[in-house]
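Each of the next two complexes has subunit A plus one other chain: subunit B in the first, subunit C in the second.
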Partner chain A sequence: MKGLALISRLRPFGESLLAGLVGLAVGAIIMLIYGFDPIEAYIALFRGSFASLYSLSEALANATPLILTGLTFAIGLRGGLFNIGAEGQVYVGALAAIAMSLFQLPAGLHLIATLLVAMLAGALWSLPAAILKLTRGVHEVISTIMFNWIAHFLAYYLIANILVDPRRAEKTISILPSARFPILVPRTSLSYGILVSLFCAGLVLFLLWYTTIGFEVRAMGFNPAACRYAGIKRWRTALFAFVIGGFTAGLAGAVHVMGRPPSYAIFSGLGGLLNLGFDGLGVAMIGRNHPFGIVLAAIFFGGLMSGGRLMQISPGVPLELIRVVEGVIIIALAIPELVRLFRLFKWPLIWRRT
Partner chain B sequence: MTVLDHFWGILFISLHALVPITLAATGEVLGETTGLFNIGLEGIILLSALTGALGAEAGGWLVGLLAGIGTGMAIGLIFGLISAYWRGDQLIVGVGVNLLALGFVAFELIILGAPGFHAVPRAAQVPGINTPIGRDLSPLIFVTLALPFLLYYLLSRTQLGLKLKAVGENPAAADVAGIRVNLLRLLAATLGAGLAGLGGAFISVDWIGSVTKEISAGRGFIALATVVFSGLNPLLVLLGGFIFGFFESLATWISTFPGIKEIVPWQVVAMVPYIVTLLVVAGAIGRVRFPAALGRPYIRE
Partner chain C sequence: MKGRIRLLTLLVAVSLLVSGLAVMTGGASAGAALKGRVAVILDVGGRGDLSFNDMGFKGTDEAAADFGLQMDEIQSASDADYLPNTRNAAVSGKYDLIIGVGFLLTDAFNTVAAEFPNQKFAIIDSVVDQPNVMSIVFRENEGSALVGALAAMVAAYYGYPKVGVVLGIEIPVLYHFEAGYRFGIAWGNKKYEQVKGTNPNIGLLWTYTGTFSDIAKGKAASEAMLAQGAGLIYNVAGPLGIGDLEAVTEAVRAKGQEAGPPFMIGVDANQDYLGDGHRVLASMMKRVDRGCYKAVADVVHGTFQGGIVSLGVINRGIAISRYQDLLDFIQFGINAKAITEADRAKIISNWLEMRGKIPYWIWDAVSELEMKIVSGEIVVPTANTVEEMQAVRAQYPLP
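Up next, the complex of A and B:
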């Protein structure tokens, strides 16, 4: 029986792997149609993602904010909420972090204060969606998307006006050295910010699986009707999911600007901040909404992003193809019968439901 | 120019701005009536704006519009297959479609040689028509104004409409009555997405005349909000589409009008349609009721 339990725990891992292969296969087909050599491209993708200490560090640096936005979506989904507001909360968190560099503070304190303010900003931006959901019944998909767009234009406004670098109009002021994360691996983009992400993943794991409120959140996602009979309050679990999600999304924006050399600033087109929230959604899906899986999936996505750059240079495949692959992976993961579609291959016992 | 002229100017842009939103929302009403919730509208609009532009360059505006409809229907077919027959998670498929479209359009625009922007030649765009209410109006505006009435008739006055509603309200009962639940859902999803595709092609082949990688600009999501506002009544979709189109035009107008654009930052104006969406949806909920089986796959006992 112990063996069977292990196999059933491996099942989600196998499904994610299968979906990943489907995504890469579709990517290969598109490359063939457009006259690229997929084998050459995927070799470049691998070399650029995990083949050296440098590329591995870059993959981890890319994964740093994705772990956090992945957690945002996962907490929501665990609680039965489809919270896709991470994108906007990331912008707000990053803006709040930049705003903290308008002040001078002692080195260690400045970093901690910046993180806290960014967290709070992210949570504040997620609250209206929670309140609209609870008081007016507005579906969170609609409200969070609208808040994402409002945050988008708010960011454009603040970057061009309040937070603008007086010497370079196309970017904001940079995070002061006293609030930056030190670099972890010399001559790479990997900073100590990754530790914040890993710590948050651990914390969410603890909150969701080892506390009462975490149990209630998961129960609400599993069976809301039973929760009503058990006396679990919907507003408590929804607020918890939105606020903790806002914390991690706000942090994602902060670690990105505080730990990403060389600029430590936001550029006028939002640059590297764009799509961190939506990519986090894919990360959470592939990681099966479990903190451990999310860390692995974020490193996988981070690797795709850094490897995609090399793929763009040597066989010349545009980096954007990576996002197509991500989309296909997510669609594949939505199919519960994905595994069954592949049954004609006569897979071993692992695939059988236990 | 008098105040009245400006008002007509805004109304003129509104008539165009309402087209993609209303088309996508009308299609979504058809889908949601049968119980399928497709949040991939944004991706469908974006992708069919691209295929519409490519089609128009290859064979004129009619080919362009058909390419947009075809793209929408193809995605709708995949969405319907996964959601109805394979009982997949509808929200997740929609998210995947949006991501895929975002990546593919940016990819294709780079391949075409002009990163981020691709214009459709004037000759390949839909020719405007002169009418008593205004010159150089797109003929698609009239199609868009007529479609919600057509759907209203279909849903409330025909037997097929009753079947579609039954499938969304109580699929088990519909199944017992001999209605093919999943087939109707698949059809509704495909046709509905085809309308969103027409809306996307309208943007690139007719209204704006170019494709950028964020040409859809949240219109798919605004269409979803319009559907919520309408409570699945196609006639209210038309009203909602007009409200959102009007505020979008108002925002464009304010951001270009001398004397006002210096005082009001354009970024604040650009937020207005989204804030209005939130307010309207928050006000509309409570009085609307959605099909009981919305968002859930039908599993035969």
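Up next, the complex of A and C:
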């Protein structure tokens, strides 16, 4: 009995391993077709991701915001919501963090105040979707996509007009040194921001599995009808999932601009902020929507990003092809969870096979 | 005793010889300590723009071929890549020189150059104040004044009320272009008045699209300008010129013709060969390739020095495109697969016909402006900050 439980716990790891190997194999075939040595390329990928303190630090630096956006999506999904609003909430959080550098505050206080404001900004941006869902029944996929675009163009406006660096028109003002996360490993991009991400992952684990409201959220995800019968309030769980998700997404934007050397600013066109929210979706999928899995998946994602850079230097694989290979590996890894999602999804009656 | 002295002399002689050899070989290896590789780091613009980035690649590639070096090309997917890409190249220790093509790499180069004081760097379009960085900058305002004057006079000649410019991301480098272009248009208006007696008052339409990669935005901006009566559109956004030219081509074809007007004005590379050779009137050539070539050559010759290298009209780092440039860059276009060998003859004859239709006094006027810039009689205004740019806009409003 105990052995069976262990096997069922290890099964996700086995599935992911298999999926990862399939992804690597398909990636290798693609590189072979284009005339690049896949073994040399994968050695570079490994060297650039986890083989040294430097590369591991770069992987963790990339993982820092992805852990947080992965959590946003996972909380929503655990509560039966398909919340893909992290992308816009990241922008808003980052903008709020930058705006906090219009003010002067003492060193430690400035950092904490900036984090808090960014968190609140992210949560505020998630509220309209929650309210539309609860009062008018608007599906959150539609409303969050729309709010992502509103945030996108709001960011364009603020970057170019309000938060612009007067000496460097291509970017916003930089986060003041008093609000920056110090670098954790010298001569790398890894800052103390990673601790915020890990702390949040722990907190979400606690909230979802060890509190009443967390239980209600998860129950709502499993079976809304049973929850209604049991007297669990839909608006409570949905609001909880949206707001906590907004907090973590806002923080993701903040840790990115506060802990990412050398510019500590947002570039026009949104640059490095782009896709942090959507990548979080992939991270949550690979991490099976569990905080522990999300941390591992985000580090894997981050390693893939930093290792991919080295593939340009060593075997000289062009950036575009590297991104194709990365995409193939990520899709392969997400397949086990995608299959599960499709099984759980409540298809409209006419499409349902009987 | 005598034997001992002889032995001693022999020992001294041998040791001298050995140490002398050591010095000689040591000296030789210090002089030829080339690793044989150079790296080119590109910003988010990336290859395939037929202008800025491809020019940086071209110059480094030519230098690498001439000096027998290997060149590695490193592209950046977003601004989060600038620092890691630069650092990866420096950490690898494989490169004699790391060239950064683009202003956006400034912060990354500043950081990494300080971390690796023995690594040589060169950066295009930016000033990085470190002893191991060669900062190669261009006086784009001078060349933009030339094409601005040309654009104003040609627009007036063909009866258009406006000229346009499609710019990329608002960075100081682009202010150089805008400031020079404004000055040039005003100069062209005045020149036209001197020759023809009436001031055409050609106005300027300008847009910062906020991108160096979204070609569709170049097309959209150009379409809007053409609809408002622009006769020439100056591309100051690398690859967006491909979109600008699409809009120009559609406008030309809507008139049932193949040759302009309206025309595009190319940038950075010579882009005259695009549009079948008769829809791009001229190009403001910024010889990024010469800058990159110089940096590599200096490293190979052991004369590399940190500091600012400024290229302008006077040293041909900046120039308005001429016949010989067309011939050179048709080959560049063929290599980039933008055109084919079969197009060559047609492009040359189309180009000659297009230029021949412009009255000779206009070309003379452009040459006159060029000579005055070289001699220092005319100093073209420039701008580096928002305030300076606003001052130039106030001086040359060009409504």
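Here, the second predicted complex is superposed on the first by the 317 of 354 C-alpha atoms of A that agree within 3 Å, B and C clash if a C-alpha of one lies under 4 Å from a C-alpha of the other, contacts with A are read in each partner's own complex, and residues count from 1 in each chain.
One rule holds in what follows: a contact is a pair of C-beta atoms (placed from the backbone, for glycine too) under 8 Å apart; a residue touches a chain by one contact, two chains touch by 3 or more.
Computed from a predicted structure; not experimentally measured.
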item	value
Which superposed partner A:202 touches (first subunit B, second subunit C, both, neither)	neither
Subunit C versus subunit B, contacts on subunit A by residue	B
Partner chain in contact with A:156 - subunit B first, subunit C second, else both or neither	both
First, second, both or neither for A:260, with subunit B first and subunit C second	second
Touching partner for A:269 - first (subunit B), second (subunit C), both, neither	second
First, second, both or neither for A:108, with subunit B first and subunit C second	neither
First (subunit B), second (subunit C), both or neither touched by A:182	neither
First (subunit B), second (subunit C), both or neither touched by A:137	first
First (subunit B), second (subunit C), both or neither touched by A:169	second
Residues of subunit A at both interfaces, subunit B in one complex, subunit C in the other	156, 160, 318, 323
Sites on subunit B touched by subunit A in the complex	39, 78, 82, 86-93, 95-104, 106-107, 110-111, 218, 221, 224-225, 228, 265, 267-268, 270-271, 274-275, 277-278, 281-282, 285-286
Subunit A residues within the subunit C interface of the complex	48, 54, 58, 62, 156, 160, 164, 166-170, 187, 189, 260-263, 267-269, 271-272, 274, 306, 309-310, 312-313, 316, 318-319, 323
Residues of subunit C defined as touching subunit A within the complex	39, 44, 46, 72-85, 87-89, 91-92, 94, 103-104, 107-108, 110-111, 115, 169-172, 175, 210-211, 385-387
For the subunit A and subunit B complex, residues of the former touching the latter	30, 34, 82, 84, 132, 136-139, 141-143, 145-147, 149-150, 153-154, 156-157, 160-161, 275, 278, 281-282, 285, 318, 320-337
